[in-house]
Every structure is written in C-alpha cells, then in structure tokens.
Amino acid sequence: SSQLERNFVEMTGRMTKNEAMEEANRCLYCYDAPCITACPTSIQIPNFIKKIASSNMKGSALTIMDANPIGASCARVCPTEILCEGACVLNSSTKPIKIGQLQRYATDWAMETDVELFKKGEPNGYKVAIVGSGPAGLSAARELSRFGYSVTIFEAEAKAGGLNTYGIVSFRLPNEVADWEVAQVEKLGVEIKTNTRVGVDISAEDILTQYDSVIVAVGMGSVPNLGIEGEELEGVHDAIEFVKRTKMGVLTEDLIGKRVAVIGAGNTAIDGATCAVRLGAEQVDILYRRTEKEMTAYQYEYEFAKQDGVGFKWLTAPKRIIGDEAGKVTGLECVKMKLGEAGADGRQRPEAIEGSEFIIEVDAVIKAIGQTRFVPLIEAFGLQHTNGVVDIDETTMQTSNAKVFACGDVVFGNGQGEAMVVTAAQQGKNAANIIHERFKKQSGNA
Amino acid sequence: SSQLERNFVEMTGRMTKNEAMEEANRCLYCYDAPCITACPTSIQIPNFIKKIASSNMKGSALTIMDANPIGASCARVCPTEILCEGACVLNSSTKPIKIGQLQRYATDWAMETDVELFKKGEPNGYKVAIVGSGPAGLSAARELSRFGYSVTIFEAEAKAGGLNTYGIVSFRLPNEVADWEVAQVEKLGVEIKTNTRVGVDISAEDILTQYDSVIVAVGMGSVPNLGIEGEELEGVHDAIEFVKRTKMGVLTEDLIGKRVAVIGAGNTAIDGATCAVRLGAEQVDILYRRTEKEMTAYQYEYEFAKQDGVGFKWLTAPKRIIGDEAGKVTGLECVKMKLGEAGADGRQRPEAIEGSEFIIEVDAVIKAIGQTRFVPLIEAFGLQHTNGVVDIDETTMQTSNAKVFACGDVVFGNGQGEAMVVTAAQQGKNAANIIHERFKKQSGNA
Amino acid sequence: MSDHLLSLDEMKQVDGYLASGFKIHSVHENLSGMFVEFKRQEEDVCLQILTAEARKYLAAKLLEQTQ
Amino acid sequence: MADLRIDLAGIKSPNPFWLASAPPTNSGYQVQRAFEAGWGGAVWKTLGEPILNVSSRFAAVSFNGQRVAGFNNIELITDRPLEINLNEILETKKRFPNHAIIASLMVEPQQEKWHEIVKKVEAVGVDGLELNFGCPHGMAERGMGSASGQVPELVEKQTYWVKEVARTPVIVKLTPNITDITMTAEAAVRGGADAVSMINTINSLAGVDLDTWNTVPHVGGKGAHGGYCGPAVKPIALNMVAECARNPLVNVPISGIGGISNWQDAAEFMLMGATGVQVCTAAMHHGFSIVEDMIDGLNNYLDDKGIASVMDLVGQSVQRYSNWGDLDLNYNIVAQINNDVCINCNKCHIACEDTSHQCIDLYTESGRPMLKVREQDCVGCNLCAIVCPVDGAISMIEKKSTIPPMTWNERQSLISNFTR
Amino acid sequence: MADLRIDLAGIKSPNPFWLASAPPTNSGYQVQRAFEAGWGGAVWKTLGEPILNVSSRFAAVSFNGQRVAGFNNIELITDRPLEINLNEILETKKRFPNHAIIASLMVEPQQEKWHEIVKKVEAVGVDGLELNFGCPHGMAERGMGSASGQVPELVEKQTYWVKEVARTPVIVKLTPNITDITMTAEAAVRGGADAVSMINTINSLAGVDLDTWNTVPHVGGKGAHGGYCGPAVKPIALNMVAECARNPLVNVPISGIGGISNWQDAAEFMLMGATGVQVCTAAMHHGFSIVEDMIDGLNNYLDDKGIASVMDLVGQSVQRYSNWGDLDLNYNIVAQINNDVCINCNKCHIACEDTSHQCIDLYTESGRPMLKVREQDCVGCNLCAIVCPVDGAISMIEKKSTIPPMTWNERQSLISNFTR
C-alpha cells in the first residue's frame, strides 16, 4: 500500500541551500578540532564545511569520501551526538554544528552530479580478496584499489553493501545511498562477486591460495534463538530478517492493527520496533530484561522509538511464546526480573523474580537479542577467535594468519571494536593501509 | 526529596548570550511580519528581536511587555509552533526563529535587572474592579493602571497569578516568573485583595455598586466528576488540584514506583501525567475515549509526554474505579470505544464497544476531562451565559451588562476564545481598551 | 619567536653599565637596531640593542639620566 | 526620557537620525513615509540637472552569508525635474514643519548655476542645503560631484558662491575618495560652510560573476566603478569624522554618514564629533521602520548613562583621538584566558602561533584541554581576543609598566639630543 | 588538475596565494609553517629600521554577529633588526627553494638608504622586492610609507633608486589612501617597477567603546587612526586593481591584495587583472590552513571550466570594465518574483516601497499572500533581489529595449550637435 511505502521513505529531509550555508558559516573552523578526533574516520570536518561555505562542493565531498568511503551512509546513520557533533565545541556556547546533515548535503551533491571523485591506482600486480561487501569490505576495497591492487570481493547476498543494503531501515538509509557507494567502489575496478558465499560457493582454502592477502569482513550472522518454547510459531521473527524484508521493498500489510513484542533493547531492537510501527502495528513494546540504564540503544534511538509510540517494558524477560492451534502467535508469557550481582562483564545480572509470570497478548514477536557469529567460516580460514569474535591486533587488523586481516563486525565483541558503520569503514581503511605498508616494504618501495 | 525537587526545576535552559545574538541576527526583520499576526497579543516581534541584536535590552523587554503584560510567562508557555514560530517565514527556508526563547531572554533580563518598564497613568478618578488575578485580570489591570484608573483586583486564592501561579507545572513555568509579573502590576498601584472570593467574602452586588466598571476574569473551576463509581476513593485526583500541590512545593513521595491512569488528553492531562512521572510514578498512561487525531493537547505536549514515557491508550474510557477495603484505588475498569456518527460539534462521537471491558491495575487516577464553570458567580453578576460560558461581544468583551466585561477562560467555550495565557492577556488588554475608549468618549476627551 | 629572554638580557646589560657608573653618551639607530655608547671617564663601550623591549627601556633610562 | 533634539548649525530636528540623500529620499511620498516612521530629517535626493540612470544599479556584498555587509551603486543624482521635487518638498514641509528637510544640490561649477538652484530650493522652505561634492561616478565625468570635491580650491569656491545667496545653513558633503579629507573640509570652511557632512560613497567594484565573468552589477555586459557604502565602510567614515573633528581648522559641526545601522553606530559617530547622523543603506535594507530602535536604543542609552540631552554626547571622545606618535609606547596589556568560559576551539592558539607571537600554549590538566598565555612573550596585540568566539574567554589585562609613559615623539626628541 | 603556478614579473610560485607583508610573515618560523601549509609565496614583514610597536594593536568589526568582517591595526613595520630577518630568510629559502619569498622594504626616502637595504636583502636570495609605500600610520609621520606613497613623484623617484641596484623584480605596493591610485601606479611604472601590488590598508577607526568612550583599540586611553583591511575592503581593492589593469600606462603585472578570504575572491581579482593575490586578514583569523581550500577550490573551479592554467584567468574581465559614460542607457532589466520560492518576508516590498520605485505589490490569491512587480514601473535597480533572503525568489530579467543601445557619452555628443 502506498501509505506503507510512504512510511519507509527517508524521514529527515535534506538541508536547503540556505540552511546549509547558514550552518556552514556557523562552524568556527576550529584548530585541532575535537570533532575530527571524535570521528572514527577522522574526516577533516572544518575543511569540508569551509568548502561548503566557499561553494567548493566537489572539494567538500572529496574531503569526506577520501577519509570515509562510506561517508554518504555515515552522514545518515552515525550516532553523531556521541561522535563528531557530541564533541563540537559549540555544545558549550550555542548548539553543535549539524555535521551529519552537512555531510549529507555534500555527499548528496556528489551523488547527484555523479562527479568522479577518485581514480584507480597504477596496478601493482598484487591481488587481494575481500570476503563480505559491507562497510568494512567496501572501505578496504576502495583504498586498495586506489593503491593499485587488484581487488575481488566475495559477497554471499545478491546485492553488495552489507547491512547498509540489507540491515539499516530505509527510512534512515535509503537503498540508493548504499548502491551509490557500492558503485563508487566498482568504478575503481573492484570486482564484486555477489551470490558467492565463501565456504559454500568457493572455499576459504582456494581464496587463501589464489590471493596475496585476504580481508575477512563478513560481519555477524542472524539473531540467535531465545531458547524458549514457541519460537517456531508463525509470527516469530528474527529482527534482522524482519528489517531486511522491508529493505527489499516487501511491505506486507499483515501487521496492521496488530500487537508486537520486541525482545531486546539494542540498535536492532529499535529498528525492528520502529519498522513494526511503520508496518501499521497498533501497539509495539520493547521488552528488556535489564533497565533503561543498561540498554545499548543510543539516546536518539530511544527518543525516536518513544516518539513512534513504542512502549518500553524494563526488567521483563520472555518465558514462553504462546500460539493457537493454527500455529500462530497469540501471546507471550513474561517474567519480571531484578538486577542482581555484577557478572563477569561488570554489569549487574538480571534475575527472574519467582512467581512474577504474566502473559501479554501479542500477534508477533521480534527477536533482537544480538547476532550469531560465522564460526565455521572463521575456522575455515584458520583464524583464532574468542567466542566467534576474530582475534586481531587492534592496530594492524591482522589475524592469527599473517596473510589474513579482519575488520568490521566480525571483530566486534569482547570489548574489541564498535558495531558501527563508521568504525567498520575505518577498520577497512586500516587493513588496506597495513597491507599496502607491508607491500611497500616487501617491494622495497618504502 | 531533592531528586523530586530537581524534577520540578525549569526544564529548558536560558539561551546563552552567544545563542541569543546568533538567533537574533538570523531574524530577517520582515515587513508586515506574519509572526506578529500570529501572536494573539501582536508583539512587534521583529522589533524586539532587533533590539536584542542592538543590545537595547530595555527596549526589547519593553516592546514585549508593552504588548503583553504576561510576556515573561508567555515566553515559556505559549504553544509557539502553532502561533508565532509556526508563522515565521523561515519555516520555509531554514528553521523558524526561536521567538519564545528570545522573548524569554529579554524578559529574563528585565526580571533580573528589575528595571522599571512602565509608569502608572495620571489618575482619572475612575474605579475599576477586576475579579480574578489570572493572566486576563492582570493584563486588564496593567493597562487600566497605565491609563490612570484606580484598579482593585479581588482574588480568591492566597496568591495572585491565576493558573500561572497555581496551574501550569513549574518545570515549564517557575513561580518566580508569575510572581514577577504580579509584582509589575502591583508596582503600578493596582491593589490586589487576595484571599477574597467574590460571592463569599464580598458580594457581586457590592462590587457592581462600588465600581464604575467591572471585569470578570475568574477563569474556570475544578475538574468535573467523571460520574462513575469509585471517584471518592483515596488516590483519585482532580488534575488541577494535583498540579497545584506541586506548584505550592508539596512534592510527596507517595507516587514513587506507582501506576497512574490519567483520564483525558488535553493540556491539563499532559501536565497531570508529566507531573506524575516527575513524582516518580513508574507507569503513567493517558486514557482517551477518542483517538490521537481528536486529542486537544498540542503536538509539542504530546511529544513531550511521550519522551517522559507516558503511554497513550486511545479509544479507552473509564467505567469504574476499583478500590480495596482501605478505600484506596487499586484498579480501573475500562471499556473500549469506537468512533460513531458525528455529533452536534461536528466531531465523531465515541461509543462504547459492548463487552470490551477490561481492568487495568492502577494506584492512582487523575481526572483531566475539562473544567467546571463558576455559574453561580456569573449569575450573581447577572450575566448571560451559555452552559457557564459568559456571553460576550467578541470585539468589546462586553457582557450582557454594559458595565461588566469578561475575559480569559471565563469566556472560553462553545467556539468562543482560546484557553491560553496569551489570549487571556490579549482579552484583558481589549477589555481595558474598550473601557478606556468609552471613558474618553464620556468625558469628552476623545 | 620569543624575544623575551634576549630582551631581559639586554636590559640587564644596560643596568649593569649604569650601575657601574657608566652614563649614556650617545645613541644611534639604524637597520641593525640601536647602538648605545656608554661612557665612564675615559672608558667607552658600545652596546648593540636588538630587541624592542630593551630599546624602549633604554629610552626610559635616557630620560632618567636627563632628569 | 532624554532630549534627543539636535541643532546642527542651526538646523533643528526632533532626533539626530536623518536619511541621507539617496534613493530613500527620492520623492515626497517616501520622505513623508520616513517622517511618519520617525526619522528626524531627510536630505533630499540630490537635485540638479536631471540625469539619466542605467538599469541594474546596485550590488551588495555578503559576509559569511549575512546580506548587505556592504552596498555598491552606480546611480547618479535625481532623474526628476527640479519643479516636481520642489513641489513635493513644499508639501512635505507643510505636513512636517518640525522635521528637517535639507536639499542636496549638485550643479556644474558655475556661479550662476549655483545661485539659481539655491534660490529656487530655498524658496520652498528647506531647512538647509547640502552641497554634494561627493558622488564618485558618472557625475564626476562632467566635472561635478567628486571631480569638484577632490579639489580643495573648487570646494572652497563653490561653497563661497552658494553662501553668497544662501539664507539657510550650508552643509558641504565631502567625498572620501581623497588623500586627506581634512584638506577639503578646511576648504569648505574657508568657503563659508556652516557644517560639513561625510562620507559619500567610496569607489568600488562589488565583484565579478565567476560564471559569466561579468562585473556585478553589469549593464549589458559592461561595468563601471560604483560607490561603496553600508556597514563595511563605517570604520573609514568614523576616522574621517574624527580627523575633521579634531582639526581646529574644521571648526564647524559635522553630520556623520557611512555605515550607520543602529543606535550604537550613531552614538559612536556622535562621541567622535558628529552632531547628527545620516543613514542610507540600513534604510534600504530594512525599510524606514528601523529608525524606531535607533531612537529607542539611543534614548535608553542616554537614560542609562544619566545624560539629559543627546547633544551632550557630541565630541566627548575627540580629545582621545591623536597621532600614533603621541601614543604611550610603554603602555602594556596582555591576554588572559579564562578556561572556564573557553570552549576550546583553539582559534586563539593558532592565530597567535601562525600570525602573532607564538605565546598561547595548549596543555592538558587532568584530562581537560586548557590554554595559557605566556605573558612575558605576549605583545598585547588583541588578535586572540578578536578571533575568540565566546565573550569573556579572553580578556586583555593592563600590565603596569615598570618604566614611565613615553611616546614615540617624546622618545625621538629625547634620543635626538644624544645623536652625536 | 589545473596548473596553478604563476609567474608574476618573473617571480614564480607554485600557486597564486601569497601571504601579504604583515604579522603572519614576521619570522622564519612563521613563513616556514605557512609554506608547509601550502602557501605559494610570502612577502616578508616590511624590513627597515626596526621600529617600536604599541601594546593594543588590532581591532575588528563584526557584522551581524559574524566576526572579523573588517580588521584594523595600528602596527608598524618590523621591530626586529635586519640581520635577524635576513638570517631567517636565508634559512627559509634554503628549505623552500621553489616558494616565493619577497622582501618588503621601507626606508627613509634617501638613495643610499634604499641602495643599502636592497643590496643586503638580495644578498640572501630573495625572489623579489616589494616597496612599501603604503602603511597609513606611524611611519607616514616619518615621511615613509603612505607619506611617500601619496606623492607620485616620490614613488617614482624611490622606485628608480631601487631599480638602480636591484637584480630581482621590484613590486611597488600602493596605498589606497589616495584620490586616484592610477596616478601612483603610473609613477611606479615610470620609475621602473616590474609590478605593482595593492592595496595596503585604509585609514580607519574601528569604533568607540560606548562604556568607556575610549577608541577601539586604545593605548592607555588614547587612540590613533589605523589601517583597515579584511573582507570589508574587498570591493575597494577590486576597483583599484581593475582601474590599474585597464589603464594602458600601468602595463605591469598586478599583485592583488585586500579582503581576499577564499578562492572565489582570488578568482575575481585575477579575472580583474591580478596575476596573483596576497592575503593577510583571512590568515590571521583562521590560521595558515585556510590556504588548503583556496588551492583546492581554485583548482576545482578551473577544472570545472576546463581551464588548463590559472594564468589563463588573468585579466579576462578587464575589458568589460569601463566608464559610467560608456554604459548603455537603454539596457533594461526588471525584477521578477517567483512566488513558489518566495517565503513572504516582504522585505523586497518594503525596500522598493520605502527606498526605490514603489512597484512591488502585495496581494492575496486564494488566501495565499503573493507579490508581484509592476514591471512598467520597475527601474531594474536590483535592490529587491539584494535584500531577498532566498535564492531564486527574485530574478532580474533582461527586457529587450525597443530602442537601440546608446551610452551617455554618445547621447551627449549627439545632443551637442543640436544645441544651437
């Protein structure tokens, strides 16, 4: 239905020229600007903003994309208030510069004019394979190609882009943006073999032998099971799959007027819950076994979900999904929790309060309690890992195999990395840089 | 407790000087500015803003307070997005000027420097009585005093200020502001007889005979009964009384961790609900028998309540308040509604869905379904009215008694007036102006 | 860059001469700064002053000497 | 409520705010609207032999996106016949007898021409005359405007011719396009001027269009120099007013013009010697109503300072304006940074490091970035305070000097005694 | 990637952006930092007999809260001895052999003094000389700077003295504080100058403090006129550059200076005849790194226009700059309002109503406020488009004239044949 489609159109409008100029002229052009330090990809923010002010749009877009090959997406999905904008000095005197919005203004210009920003480097004869075409993989590929490498990306899905293409809700990140970023990388001569799942369509071993270096950027897997009764019922969804369908344009009407429970309170839970609202659900509640304080969703996501009318049930855990004889979800048995002793990770452990069970009526349950790991693949590459999180040297991104580097969500966890597009992009750059540095040393060009 | 007190401190910070200057310099100084037209008191907005930019702070405050004797309160409580800011031309090109915040910046300056803004007029020997010291009464008194009238205000409560003093939650409107506005009026020689309820402590008749003109500005009364079982139970509150207690500084801890249902979805319901949240309630739900669309709360109030975590149950009406043997509220029986035929007022009438009753567990119920009228008093003055709404000529504010004028909430209803501080202030000015015009005609000074 | 230490040094030298009984005999300014000739009876020394601060200082000392 | 009335060489007006001779005073309709809005006086758009104007006349320069920081025009004097203007002056004067109407005049440098026009305009009751020796373009090519105004002898002679017949006060309006404005001011005084006004516009070219490579503005692809005015020229005008005010030979009142946008600018001009001010660009940018805050703000300022009449402001700062050689070389100030107010933009650091004396250090104290001025190296240039975006973060503090005051002139004469 | 290299009278630099002689070029440390940041050249802070500076030197004017629209200073030339500067020049030149270092010079108007200093600075390998005949304060009182620069004969003579010994190109830097800058430019050329640069700063007073009544800046309560520069002066400087560029007697390259803040300003100066530009205020406001966007923006502009070398920009617009008398009187433009873009601030209406030709009507169409220009009354002054806050709401449209082009000069000569 067209109302549903409208619900999934990008929410935030683009800045008008007046607005962008006004904002660009507000930027102080700080020296050693804290906003730069706060950006994981270290975009030269005052410079790209100054260039907007001087109508040097190409220079502006180039400054952004040079530092961040995923700069157009990041302009939309970065949690700016804890990154660049949170560090802007104007927080203390007026209000921070809308860096993300200006970044979008400049990168939108580049998307629309389709200007050529970068060129492929002089071929150096060295071949690199990248597994996964998400932000991390694309970023590494873009840099390597500029350095002159022959780069092949293997991507399991039909389209490249990773979670930018399949994961982040389209009302925040429309497909065109991710597509453009992929196209930018392809234009530099990077070959992206889609529908090619490494470990299935081509073995890890083959890749290890055919390429001089390998970058593993496969991200994370699907949402794990809750391990409770009723997970197989119709109406129980994996949040990532749930969002993915909407990104693929499948906007079904079956949630209209329905009640939905979302389990978990991280970024994915918020995206799942707000998608459900936009699919027409009447009541959407996020159930979390800890409290507001422990929730991992960002403040702006929390506020956004509240505006969307999503309810939050703290200290509530699911115990059993209830279905009718047709096998459809009808309810969810929950139990009240309390926070107990601190666990190994320093966080207070939630404990069920005995006898506090209660049932809520729901028509759908969306699971959003984290993501699984691609352990078999990681092991096929022979990489050391900790609970599925690839062990790396955080400065070189190198794995236990000197030839293999890993970056992005695949290295996120156990206090290592951050699951953000912008960090994935930076790690991709880092991996590319280290490969290039080593190559230069080897070939005596240092 | 000090946490509770902190919850009731004014939420919005004052603009810094940098911020105010930046914003003031953004204002275009429009000609025939639409923001002025949209302000019920027609404050010369471009002018007061220009004066901030030129550091003419006294002139700025004076421009505001001249047009609006309640300008400091209005800066905080006006629904600016449907008034001045909503009309600002910059809505179409960048973002509207923060008129309310700038108005606050200028009036705060006046409050702090305690500069004398206005002078009492040359006494003209004419006496006016004003019943009620809310925004309408104060505004009329200020103008009359500047014209030279001897003005006496009769106020039933212990403090003057009306709902600014007793009604609007202190985290939006701190008492100091209302107090300052009252003091400004008193400095002009207006006598405010507090603790004097007309009809009780002095009769309407006495006033009618002792004064040359009378302005009735008594506002509205308490919240009417729901007319359901259990209203007498402990834990059932009148929203206005409920808020009033917090304004008087009585911040009890008895709602901490409790569940609260608020009946109604107007401005008062929002204030009641957000007060309950700030008093520590764990779960606060607004129950409304119509839908989101019909609700009379403003968009910004709705958003604010949602941020505060208030839940909204649409198409839900209370049927019975349930208590325990101790006479305390324990639950609320509700019934689901649907919208039926349009009624006389053109709005679709809510109808109960038979058999849809359900019970929610609550510890307190706050009634916020409108306000009663002071019919006996209105009749004591011999004024014609329609369901307690005093009939007036909308341009002269004159009642059926040529000597008596009425303004503010007492004339609001049946499509007449608006229940807002800023309209009350304007109506007070209008009443004063018409009295003065007539007087000038009479005394041949025209 | 910082001329401060140099100027302190130059002022100290001026003070030194004056304290030991020298008087300013002549001053001469050109592209290279200020050249000050101090005299004490038959003794005669010339000091080149480079820094602006010390040149200001010298003028103050000159004023003192004339008063 | 302070007394805002001024008396400039006998011309009285209810307040010191006059509209300068320019498009805003082009017609009776406009001047009457202006008086209704509160303007105290108006210098009528320059009268003379009506000229022809080109299409595309004005341009403006923005600063950081803020419009009309400076304004540029290639307009000439009135293009309407004298009689029509005189009728409108008569009518306006009738409606507003207490407001000042000054006729601005420009004719060819011939005695009869001046006599003729002066008599005609005085006949309709103007309160004064302003001789336009200033317009920088077009007219100059016919020997008028600044072509006269740049030659002291011509200024003197023409002023003299006017004074021969004028019965109302004569203001001579000076061009800023001159090596030394006091020369022409003195000439005007020698010619008998009752007052001088300044500045007219400054020769300028607003810009070049980077797409078409045309000048801005252009007339069919061609441009010519225009006259620059508006906020950008204020410091230039203020200096010229001050230089005339402190010149004993320019002993007549001054009407200050140039970039005046608000009451603060007006107060500055008056403190520096102007008896009243004239405004053009600000009115063109915002309309006549801006005079409301000019009047109100000036009045509040005077009340605040306890000054009864605006005339008491006039010239109060003039004696503080002198020559560089008379400034105290030993006066010292240094910058001090208040880290509690500072927002750590580091603009002061980089300004001092790259372009002043490298004496603002960045350091960290318990994880917090901080800045400190090495006072011994600070020369008190003010740059850091100028670039600092927050009020109160940097203060320039006086450092008592260990040596007594001495000016350059004093020093040189002292030293010269020792140059043997 | 366009070729940004320039060759100005034989002085080569990797790009057209030089730092002007001023505080940013005060020392080797600074100039080396500047070259690292990307500046193509630097004109060293003026060398001469080291002077003394006062404390409190600079002031700036804001425009609508935006800082440093204009900048004012009462600083003099270098206060450091020549030898120290020469050592630093030597060292800097060694580190940056391909960057341009120009020595700015100012000595008393005596042949030997000029000979002495020229020889000394050329000995350390500077790429060129710039003679500072411009500084408006302090030095002038000693017969130097603008005191020389305002007298064409002195400019010519001193240039000549320099040329007698100079082996590197000589640029003469002109003061804008003059009635007609082409006069001194011509004098410089007559004296043998290889190039001229302009403008130095304009006489000015930044302001008066309304609380203390002191001048801004003040030195112990006293002020003196300073020199004005920064964005505010750009139109004045651009006109002077254009006037010199179109003057056949000023047939040498021009180095453009005055208010250049970004690549756009630079491109405008170059189109109007400058071979390169010099920058002071913008660097003082933001530090050396701003040159990055200057270079990048100019390069992107050239690429975009398909221009291979920046030198191809030089002077492209000069032939479009002429005299008012040569503009077509019959060229017509009128304002047109696009009500879909218009935000209804009514600024155009009131500007036209109060201060132009009363031809923008307000009306309402199906409840929506609208504006319309009565084209027959519109004179095409541009004012409405200037005050309009939104791009694209007002366009100035050419209206084909029914009569053929005719300039004022043509008209006057035609008419004169009929004046019997």
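A, B, C, D and E label the chains in the order they appear, each numbered from 1.
What we mean here is this: contacts are C-beta pairs under 8 Å (C-beta built on N, C-alpha and C of every residue); 3 or more make two chains touch, one makes a residue touch a chain.
These figures come from a predicted structure and were not determined experimentally.
Peer 1: In this assembly, which chains make contact with chain A and also with chain C?
Peer 2: D, E
Peer 1: What chains touch chain B and also chain D?
Peer 2: Common contact partners of chain B and chain D, which must touch each of the two, are A, E.
Peer 1: Which pairing of chains gives the most C-beta pairs in contact?
Peer 2: After counting contacts between each pair of chains, the winner is D-E.
Peer 1: For chain A versus chain B, which are copies of one sequence, does the interface use mostly the same residue numbers on each side, meaning over half shared, or is it different?
Peer 2: same
Peer 1: Just give me the whole-number Å value for how far the CA centre of chain D lies from that of chain E.
Peer 2: Spacing between the chain centres: roughly 21 Å.
Peer 1: Centroid from C-alpha atoms only, then distance chain B to chain C, rounded to Å. What do you get?
Peer 2: Taking the average C-alpha coordinate of chain B and of chain C, the gap between them is 78 Å.
Peer 1: Once you find the CA centre of chain A and the CA centre of chain B, what distance in Å lies between them?
Peer 2: The computed centroid separation for chain A versus chain B comes out at 46 Å.
Peer 1: Taking each chain's centre as the mean position of its Cα atoms, how many Å separate chain C from chain D?
Peer 2: 45
Peer 1: Considering chain C alone, which of its residues make contact with at least two other chains?
Peer 2: 1, 3, 29, 56
Peer 1: Enumerate the residues of chain D that touch no fewer than two other chains.
Peer 2: Answer for chain D, listing residues that touch two or more other chains: 64-66, 264, 286-287, 289, 301, 329, 347, 350, 358, 389-390, 411.
Peer 1: Where does chain B touch two or more other chains at once, residue-wise?
Peer 2: Residues 18, 22, 25, 29, 31, 53, 93 of chain B touch two or more partner chains.
Peer 1: Among the chains present, which pairs are found to touch?
Peer 2: Result of the pairwise touch check is A-B, A-D, A-E, B-D, B-E, C-D, C-E, D-E.
Peer 1: Can you list the residues on chain D that touch chain A in the complex?
Peer 2: 64-66, 343-347, 349-350, 362, 389-390
Peer 1: Can you check the complex and tell me which residues of chain A touch chain B?
Peer 2: Result: residues 16, 18-19, 22, 26, 93-95, 303, 306-307, 309, 311-312 of chain A touch chain B.
Peer 1: Note which residues of chain C are touching chain D in the complex, please.
Peer 2: 1-4, 24-29, 56-57, 59-60, 62-63, 66
Peer 1: Please name which positions on chain B make contact with chain D in the complex.
Peer 2: Chain B residues touching chain D: 17-18, 25, 29, 31, 47, 50-51, 53-56, 58-59.
Peer 1: Name, in rising order, each residue of chain D that touches chain E in their complex.
Peer 2: The contact residues of chain D facing chain E are 22-24, 26, 29-30, 33-34, 52-61, 63-72, 74-76, 137-138, 141, 150, 177-179, 202-208, 210, 213-215, 217-225, 228, 231-236, 238-240, 242-243, 264, 267-268, 271-272, 283-289, 301, 316-317, 320-329, 331-333, 347, 350-351, 353-356, 358, 379-383, 386-387, 389, 396, 405, 408, 411.
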